[in-house]
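In this document, chain identifiers A, B, C and D correspond to the written order of the chains, with residue numbering beginning at 1 in each.
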Amino acid sequence: MPDLLAEARQELATANRVLANEGVLDAFGHISMRHPTNPDRYLISRYGAAELMMPADILELTLDSKPVVPTGARLFSELVIHGAIYQARPDVHSVCHHHATPVLPYCITGVELVPVMHLGAALGGKVPFWDSRDEFGDTPLVVTKPQEGASLARALGPHWMVLLRRHGATLAGRSLRECVFRSIYTCRNAELQSRAMGIGSISTLSDGEAEMCSQHSLTPRTLSRVWEYWTFRLAKVEAMTAAGAGTKPAAAKVAAKTPAKASARRGKPAKRTAAPPARKAKRAKKR
Amino acid sequence: MPDLLAEARQELATANRVLANEGVLDAFGHISMRHPTNPDRYLISRYGAAELMMPADILELTLDSKPVVPTGARLFSELVIHGAIYQARPDVHSVCHHHATPVLPYCITGVELVPVMHLGAALGGKVPFWDSRDEFGDTPLVVTKPQEGASLARALGPHWMVLLRRHGATLAGRSLRECVFRSIYTCRNAELQSRAMGIGSISTLSDGEAEMCSQHSLTPRTLSRVWEYWTFRLAKVEAMTAAGAGTKPAAAKVAAKTPAKASARRGKPAKRTAAPPARKAKRAKKR
Amino acid sequence: MPDLLAEARQELATANRVLANEGVLDAFGHISMRHPTNPDRYLISRYGAAELMMPADILELTLDSKPVVPTGARLFSELVIHGAIYQARPDVHSVCHHHATPVLPYCITGVELVPVMHLGAALGGKVPFWDSRDEFGDTPLVVTKPQEGASLARALGPHWMVLLRRHGATLAGRSLRECVFRSIYTCRNAELQSRAMGIGSISTLSDGEAEMCSQHSLTPRTLSRVWEYWTFRLAKVEAMTAAGAGTKPAAAKVAAKTPAKASARRGKPAKRTAAPPARKAKRAKKR
Amino acid sequence: MPDLLAEARQELATANRVLANEGVLDAFGHISMRHPTNPDRYLISRYGAAELMMPADILELTLDSKPVVPTGARLFSELVIHGAIYQARPDVHSVCHHHATPVLPYCITGVELVPVMHLGAALGGKVPFWDSRDEFGDTPLVVTKPQEGASLARALGPHWMVLLRRHGATLAGRSLRECVFRSIYTCRNAELQSRAMGIGSISTLSDGEAEMCSQHSLTPRTLSRVWEYWTFRLAKVEAMTAAGAGTKPAAAKVAAKTPAKASARRGKPAKRTAAPPARKAKRAKKR
């Protein structure tokens, strides 16, 4: 069991840095995952920017968003977003909350976010809005109270993404990788929808297309392809930084491991194909 | 013969990473080239993101998109796009399929993409649309069946670029470098057309201008200039990454070789002019 | 006393480079802070781009914007902006003047800048305009005369940000970090407001929301989170550069120090969590 | 005399790479300067992308755009743009021709480019249009014939910038640095004008303001500030790249030299202030 938890911590730390590297999370925003073996707990980083998070920064919380082990670490004030959704939705295994630039205009205007290209079908159907003002009046907009979290979870309902008016977006996934995929491609869909609205009238996927596209994108095959790509890009950036400081790149290990496993599953050695610099470096060290 | 094939693999792997580095390909999209000596085959990378592709990742396929040699590698599900176009168009030696941000708004709105500046004439005349829904109804939008590939090839007709509604773009070229040029400069033309539409009414090249501009851009002289530039930029990025991981930069060899050859052709040594860091490094190692 | 001043110089130099790295300052623009122990003086860099500034570049000026110690260094011609605001507003401890891309369209059109998301409430309420032409007629637009500085300070009044028509923005803060936060998040709010206006009608925070959001953002807790993030990012960029030149990264010391202190305050060692490469390098050297 | 020429070559090569690094030049476009001692000649790089150009790539041409010394190097096909302007305008000492993204929408729409902020006054007053179609009918749009160059020079007239319909921009300066400044800040002004038009009605500088702003920006003081900044940024990027390849960064020497000289002029040692990593590296090597 401890192994699965250690793997989950590493994967979640990597997801944090991937989402930072791909422009979804910045100083603010967070991603969590349900505990790999205990569905009554979830994992999330300490308070701080996603770009900084390493496995040791990942904490374990109950679904009431209390630390399982007492900690001196600071916690996010919006933990209830995560806890409330895990409570309401047993099918959800990962939650992301962000304020990414391409999506915010929809939170500000109330314009509906719709799938405009096949990969954007990761929106997962209708994207409802939640306005904290409706139920709670004037607040600091951040979702910090259990009843606010519960209200937001109700607004999400059976969907996969909800827009918070004048604030940001909250997304869910059946797995961490699905949630990362949805977070990145709904940003991209939003960017394309806005650009398309700037030059003409948009057409959207039919319901049938959206459903089929979403299924096509969220297979293990596609999710492992994008994960290989995102961790490769992260490893490159972290290798550059490490060069200056004379340390080992942080993502190297993760990147080295992930595609290797993926390759093993598809029956061919990863070493011969597209070895990213960081992976090579690691192998070199082993010899 | 094996030499020409090895060169083609290397050139195609470089084209993959150039298109990633210039923002045309990301986690998705692919570029292929016809086999250098056997017109009944084509080369394309294994399944995965273009940014990762090395010569060893390049596979050989029949025009029915079957691997010539059995392989454990995963293949793209949209191979038929390439095979169908090579079958329909003997003059085509390279095909690229992508979902780049500047072009997608045209796929979403159906607004016509037109040449708005001299380099944008690489569009190659009219850019037709293809809507999978017309012939096949609701699908996952990806082009995976032979009849879908054939339909797309018919829509392309004698043109050089076709837009797939709610999906992306497919381009062809008489050579790999022409296809890379067209892929990059049609993105740039699309970006400029959108920005121009944001401030006023656009004017377009006349048919005569478009024809002459296209001929001017697609000479070996211009194509070798841009290739020198793109591989130089790629070599710089790959050198940065390699610095962190202590490995040799992947593109260095290619970049070192390409401009050197180009210089030889124009009768002066490349070594004295604009030696990119990566090239210097290679020479240093030889001494 | 000398210690507080040395810390202030270092913090201000870091703030200069953070604002350059986050895209607020470029070749032009400047940030100052009130002297940590003598409210009749302020600190600001020598003439030059923020990206270059180190602690030794920080000069000490009277509130009349005269150097306390004679210096051969060149001074900004717009120092009066800073001096005039420190004179008029004892509650202000830091002033930033910039021409950042997202904010300038508001200076050009006179469209009102309003809070469209919770973090944008850092605008601090109403953002007045100042047009140098109203009082001074045709000028080179730069604010170089004492009476121009005084006029601008009057336009700022009790607010925290003022827009200079056809020129740029000037912001104030109760502390250096608050001023950096306001500078970055008003740019972001402006970017989002413009993008939202491109797709629909914007909604804004209510006055009550704006007040509560602003209070929530400008706590020491949030300010230390963003400072940790921005200095981490700066340290990474400076580490990359230093790699090429074989020197120690400039921001490493600062970055190493800041989160460590923050962690100490919250009762856990920084070393185990999210150690940025640059920090690791520094520790390695100590051993 | 040979010294002045060597300095000019180095400065022009640096200007090439600065304009590439700041996003004005890419695979295409070029900048030239009049010969420092012989007004009947000018200097420009060999055919190729600006980002690659080193002092050895700089060639010497007559005002008829013929190489002074026979060369095997390829030449730009649009040299006449430069030659024709130097012939028509003895006050011009540098010419830049580019197709930068922010400016092209004005070439495509014919919307007038006007100064919308103080630094944008570098436009230098009215910006005329030139349409090759008016006089020459359908052409490949590139300006390659002497009579086309002469026609463009007439369109420029006494101004400092001319927009080529469906093509790009050509700018002139009284010095190389003035031309670089104008090239960068007219791009920035164009970007801001477009963004401002997206949210409201733009206001422009009055003629008096524009004249005073332009004079304020084009002093040696301001030009040396921006040059220090741009070469510092270039040195950082080139240091990063060199790190990977194990070579000395190309721009280091230039960057080291330029601010040192500027500092000397203002009476204080450059070494103590804002030493860019690359400079430090150079000093380190000397010891």
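Just so we're on the same page, a contact is a pair of C-beta atoms (placed from the backbone, for glycine too) under 8 Å apart; a residue touches a chain by one contact, two chains touch by 3 or more.
Bear in mind the structure is a predicted one, so any value in this text is a computation, not a measurement.
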Farthest chain (mean CA position) relative to chain B: C
Proportion of interface numbers common to chain A and chain C (over half same, under half different): different
Between chain B and chain D, centroid-to-centroid distance (C-alpha), Å: 31
Whole-Å gap separating chain B and chain C, where each centre is the average of the chain's CA atoms: 43
Interface hub residues of chain C, defined as touching at least two other chains: 193, 198, 238, 240-244, 249
Residues of chain D defined as touching chain B within the complex: 26-28, 46-49, 51-54, 56-57, 71-74, 99, 101, 104-111, 133, 137-142, 165-168, 193-194, 197-198, 238, 240-247, 249-250
For the chain A and chain B complex, residues of the former touching the latter: 116-119, 188, 191-193, 195-196, 198-206, 208-209, 212-213, 215-216, 221, 225-226, 228-230, 232-233, 236, 238-243, 249, 252, 266-268, 272-278, 280-281, 284
